[in-house]
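Before anything else, here is the set of structures, which you'll find just below.
Below, chain A partners chain B and then partners chain C, in two separate complexes.
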Partner chain A sequence: MRLLICIKQVPDSTTRVKVATDGRSIVTDGVTWSISPYDEYAIELALEHKDTAPDAVVSVVGPLGIADALRAVVEELKPDLVLCGRQASDDDEGFVGPALAEALGWPHVSQVTRLEPDSGQLWKEVEGGHEVWKVSGGAVLTVQKSAKDPRYPSLPGIMKAKKKEIPERSVAGVEDPVKLEIVKLEPPPARGGGKIFKDGDTKAHAAELATLLRDEAKVL
Partner chain B sequence: MKVWVIAEQKEGELRRVSRELAAKGATLGDLTVLRVTGEHVSAVAAATALAERATAESPDLILAGATPGGRDVAARLAAKLKRAYLSECTDLTVDGSSIEASRGMYAGKVRARVRAALPAVCSVRPNAFPLPDESSEPALADVAAGDAQGLAFVRFEPTASSGGRVPLSEARVIVSGGRGLKGPEGWPQVEALADVLGAALGASRAVTDAGWRPNEEQVGQTGKTVAPDLYIALGISGAIQHLAGMTSSKVIVAVNKDPDADIFKVADYGIVGDVFEFLPAFTDAVKRVKAAS
Partner chain C sequence: MIPPTQGLGALALAAVAALGVGAFAYRAWRLYRYLRLGWDEDRRANVGRRLKDELVIYLLQRKLLKRPYYLRGLAHAFIFWGFIVITLGTADLLASGIFGLRMPGAESGAFVWAVDVFAVLVLVSIALALGRRLFFKPPRMHIALDGYVILTLIAVLMVSLLLFEHAGVAAGYLAIRQSVPPFAQLLPLPFPAGSAGGIFAAAWWVHVVTVLGFLAYLPQSKHLHIVTTLPNVFFRSERPRGALRFVDKIEEQERFGAATLRDLSWKQHLDGYTCTECGRCSDNCPALATGKPLDPQKIVLDLRDLLLKEGDLLLKDPTATGTAPAHQLQTKPDELWACTTCAACVEQCPVTIEHIDKIVDMRRYLTMQEAAAPPEAQRAMTNIERAGNPWGEAAGTRGDWAEGLGVPTFAEKPDAEYLYFVGCAASFDRRNQRVAKALARILQGAGTSFAILAAAETCNGDPARRMGNEYLWQIQAQRNIETFGRYNVRKIIASCPHCFNTIANEYPQLGGAYQVVHALQLVQDLISEKRIALGPGVAESVAYHDPCYLGRHNGIYEDPRAVLDAIDGVTRMEIEPHHRERGFCCGAGGGRMWMEEKVGQRVNHRRVEQILAAGDAKGGRPAKVASGCPFCLIMLDEGVGAKGIQEELKPVDVLELVAARITDPKEGLTA
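Now for the complex of A and B:
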């Protein structure tokens, strides 16, 4: 089975993201770039089946970002399934996966945590459990975090990856009728200055806290 | 302006987020609340049925709850209609022919104000808009969805521990546990508190990665972003990825042994102490306080 994975390059999850002085972009100096975390789970899900099925082809497409440009790649490489993370961890939109499926005229299944290529069955995380769906024919899967952590690359793997050519394709001319305009970016409002009980009897503080939550914070 | 709300039901009742959106939608224009009907409808099948109707009726704005199901249908529908998609909005304003929305980016580390031309599709976070006390059940227009080609439902596998609780994304109160609870055996006490508060259960990544709790309870980056009225963090140190996912909560309570834990930097109320001493005392106190009011 041929699996194609779409990934995006985003600021690493440990990055303290700062808004730039223009108020509409982020400061990229000092940012460590990583593969978006959900995309890593997508890669892991695919690699798992590369272990068991020697004829699987795992190709990684660089951050092209636009569903229509990706469609051309899919049509050229003809994978059976396309996997991507359920959302990129920069814009957090979760749009490209379903949009790519739509461009291809394929169904999509989101929040996938497990895949059984032989039976075409896949597990979709829903509230309170998992739905099992069966795909026949092409489909786009957007991958959710699963119990199996993405593996660390091996040293020879890293060396090989460094030499690997990542083909770049121009996305010029790809019309995007639905681009969002960023009006303003800002850090979340600062918090702090809370009442912290540092010393004394935890049980007594617990009782006092319940009263404060009712009378002062009014959330009980 | 024509406004659509794609409603979701849970156990035969309209979800709270759908009612919040119906109340908001009614203030924006001419409202239709739609319900997709059918057995085990996939997102693509739901979007196909909705798109057909949207093509006929041309709604200016389509709203769905930013629940796992709502987001899924909204994204596919926007792609189908080739409309702007604003996901996980926490606020929105319509101004003539455009819409502006607030939404989190970088897993909550940045707040963005974005604008798009109408018509547009938005998924909106639960608790973004108030639910008026006197709001009546909105009338529902049914949209029948068929099967999706190449996709068949097989079965549902429930998560053992999730029975009967509010979904995390919609909860007004969340009790969340971290490594400080030492193991899955710490959870009955957490659940006892959650029961008294009518709260949903959350967890830090350390906890779900260790398999103490199911993945779907994880709060933070690679988990859920939440904004309840009250978030109680028990034995959670406050890694940046966790803080990003809960820092929009109205009131944050933190209990941790380590006075330098980062969670105290975002807490409105904090107790430096042993979580196992805190839990039974606090659960009792909440019972008393609730009974007295």
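Now for the complex of A and C:
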């Protein structure tokens, strides 16, 4: 069984993102780049399979360029399954997985939380539970967060990864059929200070709180 | 006295001696070869200090005479001193019995008296030890047949000694110039006329044969410690207690941590042979006390037992790896993860066994080799990697706490005398930010020249190192050392004992040597040099909680107390009996701060109960409990919160109490 995982590099969730002066991009200086969290779950799912089936081959490609460029990689490596995170944490598009499936002419299953590659069965998260689906032949799966957190790598693993040569491919010749542009980025508005009720009558505080929640916050 | 070994007797004695010594040597040689399976750690440097250790710890029994073990310790010391004196006598018995040679001084009155007095002292001590085992079983002590065999053998030795000594006197065997030893006078056993000579010979033979039998028995008994303590104390680690072992060229290693018994050093194995099974380590372990699966004595003995079980296999096949120590039949990873590295075990061990090193070596294997650290620990390590702090707070906001306080960064004030290394807790945790602000206020009040690094600071690496991730510690330490170098930092203040410990004791392993002080040491100096003036305050009783990495790991017990004592109105209370070197961990050390605590009682809850109980015993609970560590503060806060007594017992940092009473010299006002 050969599994291919597509990953994307995104600003780490602990990085405080700043909008660049052009108002359409972010400042990349001082940003810690990480694997997009859902992609990490995709890797974990594949590694779990490899834990039980040592002859499984897991390949990782990334950072994601364009679905079309990935298709060329898939056709070259001939994996049985392709795994992606369900969406990247930077733009939250959730687009590349389904687009890659479309480009390959493969089926796509979203929200996958569990994988049994040998039987082709997989769990797909739905509202309030899960469905068990079965795929035969190649498929693109986009992976949802599951109970099993992505593992911390072993030091021999880190050392091996350090020594591995990572081939880079150019996406220059691939034309992006999607005509989209970012018009404007701006930081979320600063949070206003909360209101604190200090000493005094608790009952009066409760009444005042209810009034404020209704008239000011308009949540009641 | 002339030994009863005339003629063939000497030959018979020589044969028995050869048997005893031979059996001992055969078994000891096997143990030695097992021990050499461990890697070759060099522990020879600093002979002067090592000899001093032998005097203080071995000969003077310093580590046995500790709270609350004074009586038991003294009983042991008498048995030990008796052993030393009487062994000299035994050597004389054998030398004279076989070769007819007398040891110099063996005939002197002083020596005969010493043997006599110690024989009785040993007998009394043996009776105490036996009574304790039989009627007052110590809770943690490992009670096995071995202990009774040892006590019986010693008793036989002493009784036979006194008997042949007494019979010898009665038979007139004593040399002319010797005065009759005191107990031989006091215990006039009625010997039938003419039988004294026979009784002397019989008791003498019983004594000598028992000695040799005991010798043969030693290598398979915990009593082997009478031999192994000598080298174990001599070769004890000369690292500061708070420093873990450095792994050089870590990127070039093939195995990480204690993957096999070969990956523990020979000294770790000697520790196993030296364990006396006294249980003092376990007696003081906060994890064991609160129902966790960890038992430090068991960790030491499990490693020894694994070595005895698999030693032959490993010796036969140099490629064999055997069972991974972290997964032996007895030891489970859960035990290893329960350790807070508080060093209560190391502090109490009378024979200088290094428990933490073993536990961390096995954690290193689990974390780095198997990637099998608990999930919460893995998350903390990922956070350190990505955000430079175990909580995963945005790295860029590290200096936000200081906004508007007039605290400069090193970039703004490159000639500052001190770097205040704030640490993750005081930078990001709301409660502890107040402590950082308190220290800033004190330093400003004293006119101390200092600056912070703000976003240029990163986690010191301590949690990662103690979770077994030596690699991540080295990366973090290296990053900080580079930053310190960039700003030419020479003096560092830390308000967190963990930052303090790793920078002071562990950064030198990577070439980072600085003058490091804990904030409370510095504040104590500022107070005694009258560089800050503390105004009056209301009277209150404040208990002092010793942080492990300030107290036991670095011996800083008195400075924080002196600071408390200098605060007007504060009456300091000791948390009896758990203070100073017997201080009880808050539960957060060793990376436990970021791991779940699901088994047994929470360590911090037990600590709060101890504080309340100590107050009750003294007739009044303290209003506050003060500490000098951000993690202790978080844990104590959680503890009093869970018990719903946050109004009655307020956890604080000593720095906050000081800052609240600082008199501003400019305005002459009390804040």
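The rule is simple: the second predicted complex is superposed on the first by the 203 of 220 C-alpha atoms of A that agree within 3 Å, B and C clash if a C-alpha of one lies under 4 Å from a C-alpha of the other, contacts with A are read in each partner's own complex, and residues count from 1 in each chain.
Convention: a contact is a pair of C-beta atoms (placed from the backbone, for glycine too) under 8 Å apart; a residue touches a chain by one contact, two chains touch by 3 or more.
Computed from a prediction, not measured in an experiment: that's the story for all the values here.
Novice: Should the pairing of chain B and chain C on chain A count as a clash or a fit in the superposition?
Specialist: Aligned on chain A, chain C fits beside chain B.
Novice: Which one hits more chain A residues, chain B or chain C?
Specialist: Tallying touched residues of chain A, the top partner is B.
Novice: Consider the C-alpha centres of chain B and chain C from the C-alpha centre of chain A, and write down the angle between them to the nearest 10 degrees.
Specialist: Superposed on A, the angle at chain A reads 110 degrees.
Novice: Touch check for A:14: first (chain B), second (chain C), both, or neither?
Specialist: Touch partners of A:14: chain B and chain C.
Novice: One more residue to check, A:149. First (chain B), second (chain C), both or neither?
Specialist: both
Novice: Based on the superposed arrangement, let me know which partner A:166 touches: chain B (first), chain C (second), both, or neither?
Specialist: A:166 sits against neither chain B nor chain C.
Novice: On the A-aligned overlay, A:32 touches which partner chain: chain B = first, chain C = second, or both, or neither?
Specialist: In the superposed model, A:32 contacts chain C only, not chain B.
Novice: Could you state the shortest Cα distance, in Å, between chain B and chain C after the structures are superposed?
Specialist: 5
Novice: I'd like to check the shared interface: which positions of chain A are touched by both chain B and chain C across the two complexes?
Specialist: Dual-contact residues (chain A): 13-14, 16, 149.
Novice: Please give the residue numbers of chain B that touch chain A in the complex, ascending.
Specialist: Going by the criterion above, the answer is residues 40, 42-44, 67-69, 71-72, 75-76, 78-80, 82-88, 100, 103-116, 148-159, 162-163, 167, 173, 197, 209, 211, 215-216, 218, 221-223, 229-230, 240-241, 247-248, 250-253, 259, 264-274, 277-278, 281-282, 284-286, 288-290, 293.
Novice: Which residues of chain A touch chain C once you look at their complex with the stated criterion?
Specialist: Those in contact with chain C are residues 12-16, 30, 32, 34, 149, 151-159.
Novice: Quick one: in the complex, what on chain C touches chain A?
Specialist: The contact residues of chain C facing chain A are 250-251, 254, 256, 367-371, 373, 375, 378-379, 381-383, 386-387, 392-397, 471.
Novice: Quick check: in the complex, which residue numbers of chain A touch chain B?
Specialist: 11, 13-14, 16-17, 19, 26, 37-38, 67, 89-95, 97-99, 101-103, 106-111, 113, 121, 123, 125-139, 144-147, 149, 177-188, 191-192, 194-199, 202-203, 205-207, 209-214, 217, 219-220
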